[in-house]
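In the two assemblies presented below, chain A is common to both, partnered first by chain B and then by chain C.
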Partner chain A sequence: MKFRCERDVLVEALGTATRAVASRGGALPVLSGVKADLTGDRLVLTGSDLDLTIQVAITVAGQQDGVAVLPARLAADIVRALGPGAVHIDAEGDEAQISSGRSEFAVRLLPAEDFPRLPETPGDEVTLDAAAFEEALKQVVRAASHDDARPILTGVLMAAEGDGLRLVATDSYRLAVRDLPGTTVLREGQTVLVPSKALGELTRVLSGAETVRLRLAERDATFEVGETKLTTRLIEGEFPNYRQLIPNTHPNRLTVGREPLLEALRRVKLLAREATPVRISLKADGIELTAITQDVGQAHEDLDAKYEGTEMVIAFNPEYLADGVEAVKGDEVTLETVDALKPAVVKSVESQDYLYLLMPVRVS
Partner chain B sequence: MSSPSILHVDMDAFFVSVELLDQPELRGRPVLVGGAGARGVVAAASYEARAFGVHSAMPSTRARQMCPHAVFLAGRHWRYQEVSTAVFGIFHDVTPLVEGISLDEAFLDVSGGRRLLGDGPTIAAEIRRRILDEQGLTCSVGVAPRKLTAKLASEAAKPKASIEGPVFGPGVVVVEPAEELAFLHRHPVGALWGVGPATRARLDRLAVRTVGDLAALPEEAVVAALGNAAGRHLHALAWARDERAVVPDAKVKSIGHEETFATDHHTLETLDRELLRLGDAVATRLRKAGVTGRTVQVKIRFHDFRTITRSETVPEAIDTAHDVVRIARRLLGDVDPSPGVRLLGVSVAHLAEGAARQLTFDDAETPGWTGATRAVDEIRDRFGDAAIIPAALTGRRPKRRGDSQWGPDR
Partner chain C sequence: MQWSDLVVPRCHPREVRLVIATCSVDYDGRLTAHLPLATRLLMVKADGSISIHADDRAYKPLNWMNPPCKIVEEPDRWVVSTPKGEKLTITIEEIHADLNHELGVDPGLQKDGVEAHLQELLAANCTTLAEGLILVRREYPTDIGPVDLLCRDANGAAVAVEIKRMGDIAGVEQLVRYLERLDLDGRLRPVRGIFAAQTIKPQAKVLAAARGITCVEVDYDTLRGIEKDSLTLF
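Up next, the complex of A and B:
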C-alpha cells in the first residue's frame, strides 16, 4: 500500500477513526491499531474496540492498493507532528514508512489478517437533519450513566413516540427525555438502546454536517455522516419504566432566567465541595442559592425569579442541576417541584419537547 | 522562661481499671482484658498481671502461660467509650486544644489557661484530682515544653509493676524548659518516635544507646546512617526540636467494624452473613453520627495473615445497611475465600456531615430503604439493637462496637 495525502486531511481522518480504538489492546492486540484500506484514490481508515467502530473515507493520491494496520496512537501522533504539506505512506511487509519533507519514520505494522471482520448493519436507511439530531443527543446523553456496573443505564433509549422519535437517558439521579416530532425511525413499539459513549462520539462527527443517515438492526446501529460511518453494538436488556417517574402535577413552579441561574450556580458551586449540595430557597419574590461546606466556607446568591407555590428549601447536586438548565433552550427555564424529596422537572418556557427530571439531595 | 504548658495525660491500665471499678471484688488480682480465645490478644493488663511479664498486644495464649491464675475479661468497649467520653469532658473543661490519641490518652495545650486556671503543673494536678474524684480512676500526666518530652514525662510518672504489687509513681512529672535536654538525653534512643528495631540496629553500630549519644553525633553522620529525611528528623528530635502543635481532634475519617472469627470462613455464603452483620452495624453508626459516606471498604485477612482491602466510591452518599452491604458484597464477590478467612472488616469513608444524600428515582417510587431504615432506627432506639435485625441473621445478635475486637471469646 502506497499513497500521498495532505497532512491536515490525514490528521483529521486518523483522529476521528482513532477515537474508537480500544484504549488498551485487550484480548485482541490488533485492535490497538487503525486499519488503512486503499483502493484507487479512496483510503478507508477503521478503528474499533468491537463495541464501537468508526470508519472514515478520504481521497488520497493512491499509488499502490493494499491493506495495513498501523499502530493507531503512534501513527496519529507522528502525522500530527510532521510539517504541513504532503505526507507519504508506504507500507510493505511488516513495516510502514511515514515521511514528509526531510522527516522519515519507519513503524512496525500490526498483522492485518488479525483485524476482525466488523458487522454491517442491515436494514433500511433513514435520513435525519444533522443539526436537530446533534442538539437532541447533547440534551440527552448527559443524563446517561458512566457506571459500567449498570450497563442498561449507560445507554440512550430510542423509541417511537406518537409520530416521532423519543430519546431517553437516566443514571437514576436524573432523567432526560427529548422528542423529535415527525422523525420516523422505528416501527411502532420498537425500541433500541444505544451506548451513550457511541452517541457522544457521534455528536463530534455531526457538528457542521447537514444530514445523518441511520440504520437500526437487532444487534447494532449505523450512523453515516458524509464519508464517516459509525457502527455501534446495541445494549441488550429492558430499560427502566421511566414514564411512571414523571409526576403528573407539580404544585410549585419557578420561572427564572436561564443564563443568570447558570452563572449563579457556577459561582455558588465553588463552595459546594465533596458532594455537598446547593440549597435553593424558593420564595414568591425570588430565590436564594446557598452552598455550605464544613470547615471551608459558604456562598450565597439572590436571584430575581417568579415563583408560584409553597415556600420551601430544596437542595440539588449543582452539577446535575446545571446540566439540566444548560440543556434547555430559550432565555427562561421553569423548575417544577412537588416537595424537597420528590423529583423536580426542568423545562423550557418556549418549547415542550425536552424534559429534565432531577432527584433532590436530602439534607434533613 | 515560662513554665511548660503541654500535657500528656495517660490513664493507668485504663480498660482494667474500668473493669475493677465495676467489679471491685477483683481488686488486687491479676486481671486481663482482651480476646480470651485461641486467637485473642491482650488489650490491657492490671499491674498485678504485669508483674508476671504480661503486657498488652501479647497473644492471650502466651499470657495464660505466664499468668495462669489471671482473670480474663472479654472487654466492654461501649463502657470504655462511656468513661473515656467523661474523661475527655474534663480535658475540654480545661482547654479546647485537646488531641486525643486513643480512648485513654491525649495531648493538651494549656498555655491559654494560665491566668484563669494556673500554670501547667497546677492544671495537671487538678486534672488528676478531678478524674479520681469524678470517675474513680487514676492517670499519669507529663508536663513539658513540647509533645515529645511530655509523652516521656507521663511515662516517668506511671506506676510500676512489681511482685509485691504496684509501686505508685509520682502521678505528675514536670519537665522544666531548662532541664528538658538533660531529661531527654537520659532516655534510651528507642524512646524517640520513629525508632523501631531496624533503626535501632543501625544506631547500635554507631554506639548510640541514649538520645544523648544521638545528639552528640554530627547531623551528617546520622544522615549517612539513616538516610536524609529520617536522619535529619531524628537528629532534630534528639535536640528536642519538635514543633508539632497540639491539634484538636481531627474529624472522624471513616466508620467501620471488623471481626476476627473463632473459626475461618471458607465460603462466600457464610462470609456473606458476617458481611451483613457488619454492614448493618456500620450503617447504624453512620446514621447515629449523622453522617453519610461515599466510599465502602472491605478488609479481608486470610488464615496466613495476608490482608487485602478492596474499596469502591459511589456518587451518592449512603447511610443505609442496604447500600453499604450491596457495595461491600460487590467487593467481596471478587475474593476467593477458600484458603480460609479469619477476619472481615467493613468500613465507610469519605464522610460528609449533615446527612446530605443524593436521592435516586428508587427513593421516589417507593418509600424504599430510606423509610425502612428510619423504622429500624426508631425500633432500635426504643427496644435495643437486638430488637430488629436482617432476616438472614435470625438467631444471631447484631454486631456491636468492640465485639470480638481483640479476637473471639471462644
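Up next, the complex of A and C:
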C-alpha cells in the first residue's frame, strides 16, 4: 500500500477513526490499530473496539493498492507532528514508512489478517436532519450513565412517539427526554437502545453536516455522515419505565432566566465540593442559591425569579442541575416541583419538546 | 556486625522509645538539611527507625531514617547512619523526658466496610449480585483456600463469588484459581464466577471479562440499609 495525502486531511481522518480504537487491545491486540484500506485513490480508515466502529473515507493520491493496520495512536501522533504539506505512507511487509519533507518514520505494522471483518448493517436507510439530530443528542446524551455495571443506563433509548422520534436517557439521578416531531425512524412501538458513547462520538461527526443517514438492524445501528460511517452495537435489555417517573402535577413552579441561573450556579458551585449540593431557597420574590462545604466556606447568591407555590428549600447536585438548565433552549427555564424530595422538571418556557427530570438531594 | 544489631543501647529491641528534647538536627545524604534548635519529639521504634516530630499537625515527621540504621548515642549527640551513607546528627541541648514502652503486636487498621462485613451482607442479600441467586455456603472450602460465597443461580448452576473492598487484578486472578479448583468437582461443574467489590479497577474489569467472570460493584451503604442523601429516580 502506497499513497500520498495532505497532512491536515490525514490528521482529521485518523483522529476520527482512532476515536473508536480500543484503549487496550484486550483479547485482540490488532484492535489497537487503525486499518487502512487503499483502492485507487480512495483510502478507508477503520478503527474499532468491536462495540463501536468508525470508518472514514478520504481521497488520496494512491500509488499502490493494499491493506495495512497501523498502530493507531502512534500513527496519529506522528502525522499530527509532521510539518504542513504532503505525507507519504508506504506500507510493505510488517513495516510502514511515514514521511514528509525531511522527516521519516518507520513503524511496525499490526497483522492485517487479524483485523476482524465487520458486518454491514442491513435494513432500510432513513435520512435525518443533522443539525436537529445533533442538538437532540447533545440534550439527551448528558443524562446517560457512565457506569458499565448498569449497561442499560449507558444507552439512549430511541423510540417511536406519535409521528416522530423520542430520545430518552437516564442515569437514575436524572432523566432527559427529547422529542423530534416528524422524524420517522422506527416502526410504531419499536425501540432501540444505542450506547451513549457511540452517540457522543456521532455528535462530533455531525458538526457542520446537513444530513445523517441511519440504518437500524436487530443488533447494530449505522450512522453515515458524508464519508464517515459509525456503526455501533445496540444494548440489549429493558429500559426503565421512564413515563411513570414524570410527575403529572407540579404545584410549585419557578420561572427564571436561563443564563443568569447558569452563571449563578457556576459561581456558587465553587463552594460545593465533594458532592455537596447547592440549596435553592424558593420564595415569591426570587431565589437564593447557597453552597456550604465544611472547613472550606460558603457561597450565596440571590437571583430575580418568578415563583408560584409553597416556599421551600430544595437542593440539587450542581453539575446535574447545570447540565439540565444548559440543555434547555430559550431565554427562560421553568423548574417545577412537588416537594423537596420529589423529582423536579426542568423545561423551556418557549418549547415543550425537551424535558429534564432531576432528583433532589436530601439536606438537613 | 550486622546493621540490625546496632540500635540505640537504651532501647530494648521490642520497645518504642520516646524522647522529648531540645535539639538541633543535621541531615547529610541525598541533600543536606538543618533543623534549628527547638524542642521536639524523637521517636525510636522497635524496628530501628527514628523520626523527629514537631508539635504541628498529625502529619509526617520533620526528618526520619528508615531501618536498618545504626544509632550511636553520646551524652549530647546522637549520630544515626544508614548503609546508603546517609547521616542524621541530633545535637541535644536538654532532655525533658525519656521513656520506653513495649507496644506489642498491632492488630492493623480496621476500616468500616471490611471484606468480612461485605461478605456477611452479601450472603444475606445474594440477589444484589444476580437475580435468583441463592446462598449455598459462606467460605466454601477448596484445596487452595475458601471462596467467599458459593451460590446457585435461578437455573441451579453453581456460582462462586469473591468479595473485595477494592477489586483489582489480583482479586480476579484469585477467583480464577478458585474456579479452576471448583470445576474439578463434578457436583458443581460448570462454576460461574462473580467478582464483587465496592469499586472495581478498569484493568480488573477487562481481565474478568476475558475470563468470563461477571463484575458487580456493590454499594456498602445500601447493603447496610443506610439512606443516602443522593436520591434516585428508581
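The definition used in the following text is that the second predicted complex is superposed on the first by the 364 of 364 C-alpha atoms of A that agree within 3 Å, B and C clash if a C-alpha of one lies under 4 Å from a C-alpha of the other, contacts with A are read in each partner's own complex, and residues count from 1 in each chain.
As a convention for this text, a residue touches a chain if its C-beta (ideal position, glycine included) is under 8 Å from a C-beta of that chain, and two chains touch if they have at least 3 such contacts.
Please read these numbers as outputs of a predicted model, since none were measured by experiment.
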Fit or clash - chain C, chain B, common chain A: clash
Considering only touches as defined above, state whether A:360 meets chain B (first), chain C (second), both or neither. both
In the superposed arrangement, which partner chain does A:341 touch: chain B (first), chain C (second), both, or neither? both
Check the residue A:148 against both partner chains and state whether it touches chain B (first), chain C (second), both, or neither. second
Check whether A:117 is in contact with chain B, with chain C, with both or with neither, and answer first, second, both or neither. neither
On the A-aligned overlay, A:243 touches which partner chain: chain B = first, chain C = second, or both, or neither? neither
Which of the two partners, first being chain B and second being chain C, lies in contact with A:175: first, second, both, or neither? both
Is A:102 touching the first partner chain B, the second partner chain C, both, or neither of them? neither
In the superposed model, where does chain B crash into chain C, at 99-107, 135-143 or 243-251? 243-251
If I apply the document's touch criterion, which positions on chain A are contacted by chain B in one structure and by chain C in the other? 149, 170, 172-173, 175, 240, 245, 275, 277, 317, 341, 343, 359-363
Please output the residues of chain A touching chain C within their complex, sorted ascending. 24, 26-27, 147-149, 170, 172-175, 240, 245, 275, 277, 317, 341, 343, 357, 359-363
For the complex, which residues does chain A have touching chain B? 149, 170, 172-173, 175, 240, 244-245, 274-277, 294, 315, 317, 341-343, 359-364
Residue numbers of chain C touching chain A in their complex, please. 205-206, 210, 215-217, 227-234
In their complex, what parts of chain B are in touch with chain A? 294, 315-317, 330, 350, 352-365, 370
